[in-house]
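Look at the two complexes coming up: chain A is in both, with chain B in one and chain C in the other.
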Partner chain A sequence: MDYLTKDQVDILKHEIDILMNSKYQSKTNELVRETTLQELEKRKGDLENWKLEIENLRVLGLTIANEPTRSNVMIYGAWVKKNIGEDVIMDITIDSRIVAGAQIVWNGKYKDYAYVQRLLS
Partner chain B sequence: MTIEFSLILGLAAALAFLVWEYIRLHKLFEQTHNTRAQTNEAVHRKALAILDEARNEATKIIKEARVGAVAYRDKLTSKMEAALDGVANREINDFKNALEAETINIEKAVGQKIATRYDEVRKEVEAYKAKQIAGVDQKINKAIVEITQKLLSKTINAREHQDLVLKALEEARRNGLFD
Partner chain C sequence: MFGTENIKIMLTFKDCLAKTGEIGFVEELMLSVACVSGLPGAHLREQVLFETGQRGEVISLHARIADVMVFSREPLRVGTRVVRVGYQFSILAGKQMLGRIIDPLGEPLEGEKDWTEKDMEWRPVDIRPGGIATRKRISRVFETGVILVDLLIPLGHGQRELVLGDRKTGKSQLLWRAVKTQVKKGNICIYAAVGKKKMEILQTWNFLKESGAISSTVMIASGSNDSSGEIFLTPYTALTLAEYFRDQGKDVLLVIDDMTTHAKYYRELSLLSRKFPGRDSYPGDVFHIHSKLLERAGSFEKGSITCLPLAETQMGDMAGYIQTNLMSMTDGHIYFDTSLFFAGRRPAIDPFLSVTRVGRQTQTPLQKDITKRLLQALSDYEKTSRFVKFGTELGENSRAVLDMGEKIWQLFDQPINEIVPLPLAQVLFVLLAIGNFEPKNTQKAIENYDEKKITTLLDGCSTVDQLIDKINKENFKL
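So, the complex of A and B:
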């Protein structure tokens, strides 16, 4: 299973909200609407649980120097799950000024392991 | 007859005496008259001489007085001129000194004002220069840092970036960030 970053989780959460609300506002074809409503009713519990889980996820702030590939995200995610917890998602920010390494925010604490600090100090 | 004669003779003698006396007196009168005339003439001449002399003397005195007056006037004029010159010179000197003193004071005040203003302007310029230099330095430093960062960021390949991120995470774990 793909590891999801915070951005992706936010999109997912938004989509779940849209899905849950759409059953009352759908203007689509009646047959389609009926089908959708039935499907939503079946999965209502799942959706609510997913939303709850999403809202309870812990966030690791990670600023890195370059845009990560999907492979990079998977590797970082695997490390995070293994070393911090399964319920942790990464909020990745790109800032090329840090050159390399990472700036990390966890539970309101900030640590700078960017290489620019080592180069400039 | 003798009496008569004697009378006549006496009368004749008296008459003769009278005539003689008259003649003598007449002569005396004339003499006196002449003498007086002469005297008058002499007196007149003397008076004229005295007058001439007096006039000459007066003329001389007047002339001398005039000369003296002229000399005195010249002397007085010279003295007055000298005195006036002295007063004028003193006044001029006083005025000059006062003017010089005032000029010096004004020059000093103006000089001091200029010096103060110059110092202020110099400080302002120095501050502005320092600020500008600091700004330029900051911009240069920022540019250098940005260029360096970009160059370094580019020179590190994707794998190295990944390793360095994982290294940072490991370091944070070792430092107890996730505890």
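So, the complex of A and C:
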């Protein structure tokens, strides 16, 4: 199962917007344009629903020290889906100043588990 | 009231984050208003801190967003992190600020910041006004040094008197003189310039410096290029400082120049934060904002705050929304008339359209008698002047009335730097009435003013007739 982060979801939302807005700007020939328009018209409801779903996704802010690998993201994502909810995506920020550990933002609450705090205290 | 507990130190972004455990992010920016997501525990009017160092205040709370008024001209970025501070916006207040010009955040606008938190107090800028138990009847007369005001529209310490008039009719000059007079009497003055042009701020600042009034004055200034948040904050900071000095047992004069500008900036902030517009697009709570602010002035057990807020009118229209609001929440108003200004009268105050609601209760019987007779003489003068326009030939009495009226108006004509002490003003009027004084000699009378001599003359006189008798008996001359 693939897991999308906030950055990827934003790209997806942007692409849906392009698709929904481009139907009147097609430079292809008349036949292709007509077919595309018909197809888009059929899918219009789906596209709007997807966009709404994306907008309603909840975001978990996560700041970590290093760029995570794809498999790391999958592991974090699976944990988030299982323990917090299916509709939660992660907004991952990289900040090497925290050395290790993580800073988490969830529903406006902030938790600092950065290793740099331990080093300083 | 939330966030008005004693504050000891100014917290940093990290301290606030550790203290509240909450974070928010700037989602949208509209000039001085930032929409911030997160901060689930934010309170209305709570101070927030941006990671870039700017400060702000929560002005409205929605389901997922808090609108924050930003106190900075530095632009913010979408995505900037925000933390709650846990208390209201507060400033340092102390005697060290006397003689300085500061911005609404309490930072000096001229010279180095030579004060520290030691011996100073952190005070929240928006507190609940003192209750009735802390109030005292207004009983002491407040001198402005302007004969017309002191004799015809008397004020008392702790009174809130609106100064109303068109642009460039001499409103500020009246206030400058009031400041100078009060400083001479050993009182403290707070001058708040709200969203003024830099040149106007400089003019006031120079007057205060040149007149020597600066030693007991703090000027709080926000220019029209400052952020709307800072401009909105200006009278709050001024009142906070006034309250600090009042609590030290001082009588404070607070000038707010001007409230109509304040209302305009509050309208801007409200519209930006999507509050529903009401009359003239002002938000529905503009009355409450101003009345709550002015309610902090008054006569208190510890000291007094005499507040002289200014309001600008358009084409002499006193019936504007903000103007009438302010009239209803103050203890009277002094009205500056453009036509009188262009007729050459200085100050261009219309005594018949001006009102003082509590000032008369501070007057001595002699002062009351003088006010009564002056108003009678001026009223007769106005009536007779209107009669003269018909080209009627005048009798002896009418000519005397006109002559007296002219002289009274000449006496009222005061150059900007002229301050006339109240006892002298009373004596001058009586001498004028009996024909022993010419208004052109006012300057000389001020120079030769002997407080002891005048006070001895006024002692024991409770009517103008008694004073005239005493003057004749003692053959009194200035």
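Methods note: the second predicted complex is superposed on the first by the 120 of 121 C-alpha atoms of A that agree within 3 Å, B and C clash if a C-alpha of one lies under 4 Å from a C-alpha of the other, contacts with A are read in each partner's own complex, and residues count from 1 in each chain.
Note that in this section a contact is a pair of C-beta atoms (placed from the backbone, for glycine too) under 8 Å apart; a residue touches a chain by one contact, two chains touch by 3 or more.
This is a predicted model, so every value here is computed, not measured.
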Sticking to the clash and touch definitions up top, decide whether chain B and chain C on chain A clash or fit. fit
May I ask you to decide whether A:Asn83 touches chain B, chain C, both, or neither, giving the answer as first, second, both or neither? first
Which superposed partner A:Gly108 touches (first chain B, second chain C, both, neither): second
Touch test for A:Val116: chain B only (first), chain C only (second), both, or neither? first
Take the Cα centre of chain A as the vertex and report the angle out to the centres of chain B and chain C, nearest 10 degrees. 40
Does chain B (first) or chain C (second) touch A:Asn66, or do both, or does neither? first
Contacts of A:Ala100 with chain B and chain C, given as first, second, both or neither: first
Per-residue contact with chain A, leading partner among chain C and chain B: B
Could you tell me how near the closest CA atoms of chain B and chain C get once both structures are overlaid on the shared chain, in Å? 10
Chain B and chain C footprints on chain A meet at residues 109, 111
Per the contact definition, I'd like the list of chain B residues that touch chain A in the complex. 145-146, 148-150, 152-153, 156, 158, 160-162, 164-169, 171-173, 175, 177-178
In the complex of these two chains, what residues of chain A are touching chain B? 62, 64-66, 68-69, 72, 75-76, 79-80, 83-84, 96-102, 104, 106, 109, 111, 113-116, 119-120
Mind listing the chain A positions that touch chain C in their complex? 105, 107-112
Chain C residues touching chain A - in the complex, by the definition given at the top: 17-18, 21-24, 37-41
